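Two complexes, one shared chain (subunit A), two partners (subunit B, subunit C).
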Partner chain A sequence: MSTLPLHHYLVVGAVLFALGMIGFLARRNLIVMFLCVEMMLQGVALNLVAFARYRGNLQGQSFVLFILTVAACEAGIALALVLTLYRSRHTLDVSAWQDLREANLEPTIDEEPLPAEPEAAPEPKLTPAGIEPVHHEETSHV
Partner chain B sequence: MSDLAAFLWLIPALPLFAAVLIAFLGPRLLRGQSHWPCLLAVAGSCILSFLVLAAVVGWIRTGSETPYDVLYQKYTWFHAGNLEVSFGLRADPLSAIMLVTVTFVGSFIALFAVGYMHGDEGYPRFFAEIALFVFAMTLLVSADNFLLLYAGWEGVGLCSYLLIGFWFTKPSAAAAARKAFLVTRLGDVGLLIGIVLLWWGSGYRLEYDDVFRNIEARPYLVPTACLLLFCGAVGKSAQFPLHVWLPDAMEGPTPVSALIHAATMVTAGVYLVARCTPLFTDAPHVQLLVAGIGGFTALFAALIALTQNDLKRVLAYSTISQLGYMFLALGSAVMLHDAGGENNTLVTFAVTAAIFHLFTHAFFKALLFLSAGSVMHAMGGVIDMRRFGGLRRLVPITHVTFLCGAAALAGVPLLSGFWSKDEILGAALNASSEAESYRAAYGILFLVGLVTAGLTAFYAFRAYFMTFWGEERIPEEAGHHAHESPPVMTIPLVVLAVGAVAVGAVVGPLTHWFGGLLHHLPDMTAQEEHPGNLLLMVVSGAVALLGIGLAWWMYVVNPGLPAELAKRFKLLYEMSLNKFDVDELYDSFVVRPLAGFAEFCRLVDHYVIDSIVDLIGHAVRLFADIVFRPMQNGLVQFYALAMVLGLTVFLIALARAL
Partner chain C sequence: MGSLATILRRIVVFLLVDNWRITLVMVAGAAAVYLLLPRPRAQKTVFGAGLGLLAVLVAGALLVGMRAVNAEAFLFYAFSATAVIAGGLLVTQRNPARAALSFALVVLSTCGLFLLLAAPFLAAATAIVYAGAIVVTFLFVLMLAQQEGPSDADYRSREPLLSAIAGFILLGVLLYVLQANFDLRPLDKLLSATDSLIGQMERATATNEKNQLLERAVALTKEYEKLAETQPDLPASRYLRDAVGRADGIYTEGDVARMRDLLASMHARARELERSVGTLRPSEERSTLSELSGPASSRQSSELRRDRTARPAMPAENTAHLGRSLFSDYLLAVELGGTLLLVATIGAIAIADRGPAASPRRRLP
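And now, the complex of A and B:
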């Protein structure tokens, strides 16, 4: 079984990291940006594993296990945040949040606006079931 | 005797303990009973002081084991580099006499204050501060090194400040306290520099004996060091250029005036110079200055006291004058260099005279102040002599005690003041006839002393006659209850009166006890039997009686005469009444320029320094406004790009550095 030299792995890791970075800087969709961040993380993890193999010890591997664990937690939180953000603005465009800028600054407006998204389907709601209970008029005993 | 030395530390410690106790428990628990810890502690110190004195006397009788008859006790206090300070207490004859004076007079003054301060709002505070003062003063006189002495010195200064400003809601009292503190501080700076100079010059020693022995390696330092030490003495003992604080210090309660500003604290300067006699005798020019300042102050203050109308102020100027006497005596301690070696008889005689006068003065001046306080108590706080008179039937005990004090102060033959003043004049006369240099100057100083003696007798009895003779007049503040003070106040008066009358004769000419004690100090030799200059005694006694007679003639026989004289010699009268305008001179040449300078500094601070600070603040805000605010444009990608660029720059720099 032939072994690839170390720099092959490192190049792949660097490419993953760079692609992730470019994606994060260039894309405005919150979910895509999040995926790009994950990709950067994987580039770093790949480097660590490669070094671990090159040096013949397990330190890099165990590091990567921790990274994966933390990445899982992070993904949970990030997706929850994305969901919340979407609920309040009904869009995944990150520039919709630019009004959090310093006061008295002009907004940055795209010369070329994004194509209009189709109207989002209304969120499903449970249909009411059963009999509505009797509402008593509240009386205060204070 | 070593077992007694083990208790030496209790003499300062008892009052300190009392002070702390009253400070913590006084306002809540003790209240009206706050005087008990103070009285018991000071009385305990007094008993211990007498034991120490007895031990020292016993040693001298039996022939001494140590060179200077010292009870000794020593711990290391701290050391840093070359500076090694021990917490050492010693009781040699000089310290023992001072301890007894301070604690004995202090006990009775504290007892007097129980009556005098009764019902005052700050009753516990008063006794805490009195106890603290006794602690600092006993520490000062029993310290065995200069630094510990300085600690006590500052301690008494602090207590003086606190007690002058005891009624601090009165603006005049607060101002007087501040003035006293600042003026004495001027001298204290000199004292501290002098101590450092001695420490350096003697090869980093602080103990008195070590310093005196080792300073001989650098004799050129001695005059400067003496001058600086004398600076401290001038400030603390209210001598001429710095005397202005003492009359104002009378704003404090009268027992404070008696204890601190007459009997004990102000004599600290005299003690310091007496303690450093071995240094001063090596600097004859400084000695002349000491004598000169002393003589001049004695005359100057006596002249002012002639016309003052405030009874306490008369006594204050009298105190300054009497302290001047003591310095006159100390300055007359000149070393004679005989063919066969050094002859120190004159030194012993002069220092003995000064300390003897200090001792008797503590009795009669404390007595006079307490009697004045008793008068003030009866008159509802009025102390202006023009507003009362003829009180001798109203306050009979105070009348007699005041008479005793005034007679002792005036130097009526056979009373305490007579003997000690006579010795001082004798010391000056000896210096004028036997000193190797400046004989004429000492001659003049002797005459100044003699004239002052006459003036002293005159003003003392002027105050006495104005207060107790003539028709009975009572100010309306006294109301209908003008009465003799309660026994708690009159008993101390009587005790001190007995002291003022008898103590001088007992320890002075009859037993030569003082001279016998003090010649055991370093640099002093045993003196032959008291020369007893009979002619001088007759002359000074006659001068004193002349002064008293003149006062009687002017204020009892011809009560209209003083006003007429004042009108005729208006200029002289007003000069004396206005205290020779020294305060005004200081005001226009020192206080106002300094206040102006301070105002200038305030303006510079306000407009220049503050503007610069404001400018720096504004510049940062402006910079941030222009550069940083536009960066916060709310675009996440922009922030991320900034991070990437920053990281890139950092990495490039790192790569270059590696």
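And now, the complex of A and C:
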């Protein structure tokens, strides 16, 4: 009877944390950045639960409950902030806020053009289906 | 400059000879993420996906250290592969709605891992809070704020190369450290050396050959002692440390048969040591926490009740013990958490409020 050693779970937690970090650094959509932070939290939670399992008590699991609480608060506040930011610039792009950078830094300018939006399929037009019948006032009452 | 050259050579040997598998995983993973991160021109997703799959497979093969694949191992590999692949999709997906759904998949497979780790309450709570509430709220905000067609936010990345390299350097350092601490190969080598020595002892007849074998046996017991120092408070380690003195006594007597028996029993004890690699060791200080959530953190690991796989047994009633622990040891933290939720609710309402400047009349064209 063999069992999985602890480091298996630690590796998965580390991978989730690193992927979340890459996403937070590289993505420009505010909401995706936030999801990446949540994924980093998941990696940490996995580590804590694994440590609790291999120590035989529940203290790690209690910590994860507090992580859940703080993540819920964070989600509420962050979504309110994202909505406010969207209202003032009408985009979810973080680079729209790069005028907050320090004065001696160069702005980043996007050089590659975005791909052209694919032509929307023309909306179907209904052919006229004959002459409109005459409406009688009397027949419209039941 | 000579010392710099030796340092560089040692780094290269460490990366490319001793740990080439981890380095391969890191390079393939970083290249995959770099190729897959969104950018405006058409992408070659096939290369990136192939490299990413290669990295996941090699990493999985690195982890396979099991003597027999059982249900737990199978479920672990299934859940963790789903979590890692969905995490990669979340990072590289252009469509934010799909990214939110792959985040839900990450959360659900983490919940599966929580179940494997004997945390059913947390699995349920995480599924409800994350995959239920948070993802749905995100989708609402996306629907409020999403624009038609390609946008800067979704079709461009900020410094994709640098961030991929940074992330995978972090991951690589973590993996090297884990491998240094959880590597079982020195122990395996020692065990096989003991096996071969015991075999030679059974066949040995000449006196000077016997003496040679006895010397080698004493050297092996020294190795075992060094190994026992890594986990000092297990009963097996104590036995191994005592065995060094006994081996010296047997060596002066020159009794090959007794030395053989001693080596065999040390071999069996070292196997126990192998099974307990990765169980945690407590600090020496007394814990201020109660024992309501299982053995306190100051308990020595030799005092823990263990199941037949040498893992400490968990409390049977997960939710009941968690609740008792929360409302005794962590009562202040629970109160603070509740206050934090209240403050966050008020804050979110205050932030999202449009205020008088954006009354409906002014928003109309």
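Note that the second predicted complex is superposed on the first by the 105 of 142 C-alpha atoms of A that agree within 3 Å, B and C clash if a C-alpha of one lies under 4 Å from a C-alpha of the other, contacts with A are read in each partner's own complex, and residues count from 1 in each chain.
Criterion: contacts are C-beta pairs under 8 Å (C-beta built on N, C-alpha and C of every residue); 3 or more make two chains touch, one makes a residue touch a chain.
Keep in mind it's a predicted model, so treat the numbers as computed, not measured.
Engineer: Looking at the combined model built on subunit A, do subunit B and subunit C fit side by side or clash?
Structural biologist: Here the two partners, once superposed via subunit A, fit next to each other without clashing.
Engineer: Is A:50 touching anything from subunit B or subunit C once the two structures are fitted on A? First, second, both or neither.
Structural biologist: second
Engineer: Using the superposition on chain A described above, determine whether A:72 touches subunit B (first), subunit C (second), both, or neither.
Structural biologist: second
Engineer: Mind working out whether A:81 is in touch with subunit B, subunit C, both or neither, as first, second, both or neither?
Structural biologist: After superposing on A, A:81 lies in contact with subunit C but is clear of subunit B.
Engineer: Quick one: classify A:38 as touching subunit B (first), subunit C (second), both or neither.
Structural biologist: In the superposed model, A:38 contacts subunit C only, not subunit B.
Engineer: So in the superposed three-chain picture, is A:101 touching just subunit B, just subunit C, both, or none of them (first/second/both/neither)?
Structural biologist: first
Engineer: Between subunit B (first) and subunit C (second), which does A:28 come into contact with in this model arrangement: first, second, both, or neither?
Structural biologist: both
Engineer: By residue count, which of the two partners contacts subunit A more extensively, subunit B or subunit C?
Structural biologist: Counting contacted residues of subunit A, the larger count belongs to C.
Engineer: How many Å separate the nearest C-alpha atoms of subunit B and subunit C in the overlaid structures?
Structural biologist: Taking the overlay as described at the top, subunit B lies 7 Å from subunit C at its nearest C-alpha.
Engineer: Once the two structures are superposed, pull the subunit A residues common to the subunit B and subunit C interfaces.
Structural biologist: 21, 25-26, 28, 94-95, 108.
Engineer: Along subunit B, where are the residues that touch subunit A in the complex?
Structural biologist: Subunit B reaches subunit A through residues 629-630, 632-637, 640-641, 644.
Engineer: Along subunit A, where are the residues that touch subunit B in the complex?
Structural biologist: Interface residues on subunit A, with respect to subunit B: 21, 24-26, 28, 33, 94-95, 97-102, 105, 107-108.
Engineer: Any idea which subunit C residues touch subunit A in the complex?
Structural biologist: 33, 37-42, 59, 63, 65-68, 70, 72-73, 76, 80, 83-84, 87-88, 90-91, 93, 96, 99-100, 103, 106-107, 110, 113-114, 117-119, 121-122, 125-126, 129-130, 133-134, 137-138, 141-142, 144-160, 162-164, 166-168, 170-171, 174-175, 178, 181-182, 275, 277-280, 289, 293-297, 304-305, 308-315, 318, 321-322, 325-326, 329-330, 333, 337, 340-341, 343-345, 347-349, 351-352, 354, 358
Engineer: Would you mind writing out the residues of subunit A in touch with subunit C in their complex?
Structural biologist: 1-12, 14-23, 25-32, 34-36, 38-39, 42, 45-46, 49-59, 61-62, 64-66, 68-77, 79-84, 86-87, 91-96, 108, 110, 112-115, 117
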